[in-house]
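Several structures are given next for inspection.
Each of the two complexes below includes chain A, the first together with chain B, the second together with chain C.
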Partner chain A sequence: MDDAIDCDVHCAPESYDVLFPYLSDYWRQYITEAGVRLNGMAHAYPRGVVAPAPASYEALAERVLRGASEPRIVVLNCLTGFETHRNPYFAAAVAAALNDWLREEFLSRDSRLRASLVVSTVSPDDAVSEIERMGEDPGFVQVLLPVRSDLPWGHKNNHPMFAAARAAGLQVGLHAWGRAGKAPTPSGFTTTYLEDYLGNQPIAQAQVLSFISEGVFERFPELRVVVSECGFAWLAPLLWRFDKDWKGVWREVPWVKRRPSEYVREHFCFTTAPAHLPSDPVAIDQVVEMMAGSAALVYASDYPHEHGDALAALLGRLSDEQRRRLMCGTAADLYGLAAGADYQIR
Partner chain B sequence: MSQLEAHTDAGVAMKRAVKLVDCDVHAQATEPMLAKYLSAPARRLLERYGRRTPRVTEWYPRARNAGMRVDAWPDKPGHIWGSDPETMRAQLLDEFEVDYAVLEVLSGQDCYDHPDFAAEWNSAVNEWQAEEWLSFDSRLRGTIAVPHEYPDLAVAEIQRRAADDRFVAVLLPASAAEQLGAPKYWPIYEAATACGRPVAFHTGGYVDHRGAGYPSFYLDYHVGNGIVMQTQLTSMVAGGMFEAIPGLRVILTECGVAWTAALIWSLDAAWELMREDHPRLERRPSEYIREHVWFTTQPIEEPDDPQHLVWAIEQARLGDRLLFATDYPHWDFDSPKQALPRALGDSLRRAILCENALALYGLPRERAVGE
Partner chain C sequence: MRVVVAPVSSFSDGERRIVDVGGRSIGVFRVGESFYGIRNRCPHQGGPLCLGHVLGDAVADAPGQAAVVSDPLRIACPWHGWEYDLDSGQSFMGAAMPGVRSYGVDLEPGGALLERVPGPYVAETFEVRVEDEYVVLHA
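Right after this comes the complex of A and B.
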């Protein structure tokens, strides 16, 4: 695994206290007086079954960087911004503080580390400002957005974010969860954790449709979207229907100039965790073949989240070249981490 | 004169082996057509205030011809697409030699109406269906429209129609005020099961796109119908209704079929990881789906390599669970002659076009012609 690029490893501050050096007096007071607390996204990662994300470089080094896997590069996803999602001013302040913390605590201390840029998920204007403030720091490789949203991310209101991301050389990472407290389904709330957990997958499908239908990749041909922790086996059947429907109603979206599946193949990647797959190796081979024509997979441990051991079964069915692309090559191209480059960020 | 007509003329009863069952055909009532079945207060309410439900075409206009087959609009005053039995008979039953066609009248579906009105309105849909359609052609079968947001009223409507065996299923939308696996709706499923009917969930209804937000276009809305049904099937399994109602049979209608395998793998994997989260599920989710769930085919997914569709069907073990449907008179009509790729093979095609539906609905394998 020493040449692996791990595209989804989690870290999160234990409390807002850690962010105080990066917040103004107003927000320190707001947090203190309102009793605002971080809960580690307990609705998404129940504390009784999911270990907390590393809260310091030492913990990350101990648990991931010096562990059995020793990946060459790790992309950190800090989901703490998904917890502060309604007050737009607070969301923007916390996003900036989290990025300052990520840089000081992690990126500046280990050249193997990269991170997703935390941005306000409720105000595209504020997201643009944060991308402009911090996006060119070479430690950040993509803009982090929650897969759950109020308007699908492909919507034209969000395009300034994608323009800013490309100007800063960033891609977009869509990660499971977000919008705590908002019903995740077309008919309201889920009653079991299992439904909420699996709910990320249909929502990710809706986001894929949005990016294509809104013509995002015609406007931003260099943009890539990495979908994390939302599965991938659903992709090929979705595209079969998407292509068929587009043939019937393309007049509605004249900016979609090619078959939807062609855009998806060129612009989307999916992380390997969770890899919910069949147990039958023949069926895994079929998934691999259908996936090969649909979009690329990139390796992610998703530490500290557990999704079962389907990844090992998947890797066992790949050719050496396919495995190398999945573990490292595709992500290196995606994030501009070409082999032989100097990874020293400062 | 064909041989069939000759026999009829001679008064000789003739039987035909059933070859084609169309499990999703839309008869569409206009408001005036249903108004005559309403009580005076309900009719006045309808005339003065109209219904609370906006049509989906107001949110997502369809690119051409209002989303219908161009030829589906009858040249008859007061009629719209799907409202005239003679047009449907000529364009569907006769043209494709359909042996049975299951009507799904979506005119009743919403969850905005007052319960009194909703009950009358759905009852009117069923009266109209029985009088204007089921009595018009013996090849037609109906589905019982119900005011699903008011389960006690829905149960009463099911019981009112149960003796009429031309109604072969209970019809619900694919989206509602609560998740379709919610215990609120179980009395409807129990009543349907008690009178031997499956429950058909048809794409549509009150779809509030809360997960990712509202799509902008008909294109992503319409492709998204398959995604909505994935969420509902997850709710049905996780909520425990198949465990609670052992004889329940559900038909997922107009939502695609090829996504099923991936959902089953996810459900089974999550079930293994989270056993304590859903203690009522004693078996793997895939087993409940295998026993309780059928799918109509239209709009059938079309991969570049048709073999991939075969794989998708095999992976989810859907060979005896797929029901052919045209979705007449909608724009994306799947023709019985062309929609199923040859790669599926003759026996699977036969099962989908006819055998699976006969077994599910308990329809006769032969039908009298020339009645």
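Right after this comes the complex of A and C.
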């Protein structure tokens, strides 16, 4: 098959026990004595519809790497860091342990694998330390951040994280969900799981607004942000209004020197799962046209989460070249991976 | 066509006068010792452009590192904030976007205006003197 880079495949340790080799005595005791447990992001997906994320290289190899649509490169997203509670010292220790585990369990065993770097989502300074410790390992391609954050990610307090990421050659992966206890909408908590489940889309929009309005890409012109598992069909109307309102109130943000949509097109990518597409093929064409083409889209299976056959419907409406870019080329450029070449990383 | 707007001595720094020139509404602005004339109709949606604020450009080297500079000066439409260079009328979105017509404004001595030039002194009741300088709009 053609080359493919799958930008969002999940993996997660089954329990904190798996991380014990990478944690200090203090944290092992902390976990054991307090009964701290992982729930496998069980709150995030409808009960019973998904398999647990692969917890070992063997499981990943059997279920993803040897599958019928075998991808050439897989970017692993371990959301376990999103489960960590508000203790900043614990969050930093777990992030480091997860990265050590990712490297030992997956990255060091298969040159087709890459991963997002897990960082503390509580303290930007701890995130910087972890990026500096591990970010230059060639197995890591981006810093993993949840869409649900304490502050919108564009806030200046988070800029040192982006500086560290670029110094290490990393991009940013902004993924659905966030720490338990973070509001799933920009205006607070929801009453129903249904709202919570759909909430990743509007909160991703709020993050897009933040990155642009706070001038992140003026400070870090090489930074790219991959928005994972939050859809993309909402982008065009957001940008219509964003450009329009920026014209009227640009003086508040004179560091935003171009139309917001231009920054978005240069700096953001969106994964294809879930796709949030209409069922009418002509309407799919219109969505792609309104997004000024498919250049912002990168392929992701979101394994083991099943989102239906929207990707096939989308690919069926694209040219061969657009398909190649979406499946591989755009992500290869984004992450500095040589498309179609030898992917050996060490 | 020349239109006398007002004696310079009555036109203070920061002031504007909006004049009707054969059905065209035109704003005349004084900023320091400079005078500007610009059409009082925003190309965006026809708003009363010359009722807006005159603002120096806002610049920023980095997020949060913002300053206001006096060049270029722009007028911001009170309806939607679209801005135009007060001197050239060019849109703040660049030359590819519709600009607004700007007009030259001179100071001329009253002695040069002895021929029939429309202006406020025709209709006003105060004494007309020719020894002063007048703000003259070239519309």
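In this text, the second predicted complex is superposed on the first by the 331 of 346 C-alpha atoms of A that agree within 3 Å, B and C clash if a C-alpha of one lies under 4 Å from a C-alpha of the other, contacts with A are read in each partner's own complex, and residues count from 1 in each chain.
Simple rule for what comes next: a residue touches a chain if its C-beta (ideal position, glycine included) is under 8 Å from a C-beta of that chain, and two chains touch if they have at least 3 such contacts.
Here the structure is a predicted model, which means the values were calculated and not measured.
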Chain B versus chain C as contact partner of A:188, first or second or both or neither: first
First (chain B), second (chain C), both or neither touched by A:319: neither
Touching partner for A:254 - first (chain B), second (chain C), both, neither: second
Partner touching more residues of chain A, whether chain B or chain C: B
A:215 touches, of chain B and chain C: first, second, both or neither? second
Residues of chain A contacting chain B in one complex and chain C in the other: 156, 214, 248-251, 253
Complex contacts: residues of chain A adjacent to chain B: 49, 147-153, 155-156, 182-195, 197-199, 201-203, 205-207, 209-210, 212-214, 231, 233-234, 236-238, 240-246, 248-253, 256, 274, 276-278, 283, 286, 289-290, 293, 306-308, 310
Contact footprint of chain C on chain A as seen in their complex: 156, 159, 214-216, 218-219, 247-251, 253-255
In the complex with chain A, residue positions of chain B that touch it: 62-64, 175-180, 182, 206-220, 222-224, 226-228, 230-232, 234-235, 238-239, 256, 258-259, 261-263, 265-274, 277-278, 299, 301-304, 308-309, 311-312, 315, 331-332
Chain A-touching residues of chain C, taken from the complex the two chains share: 55, 58-66, 80-82, 92-93
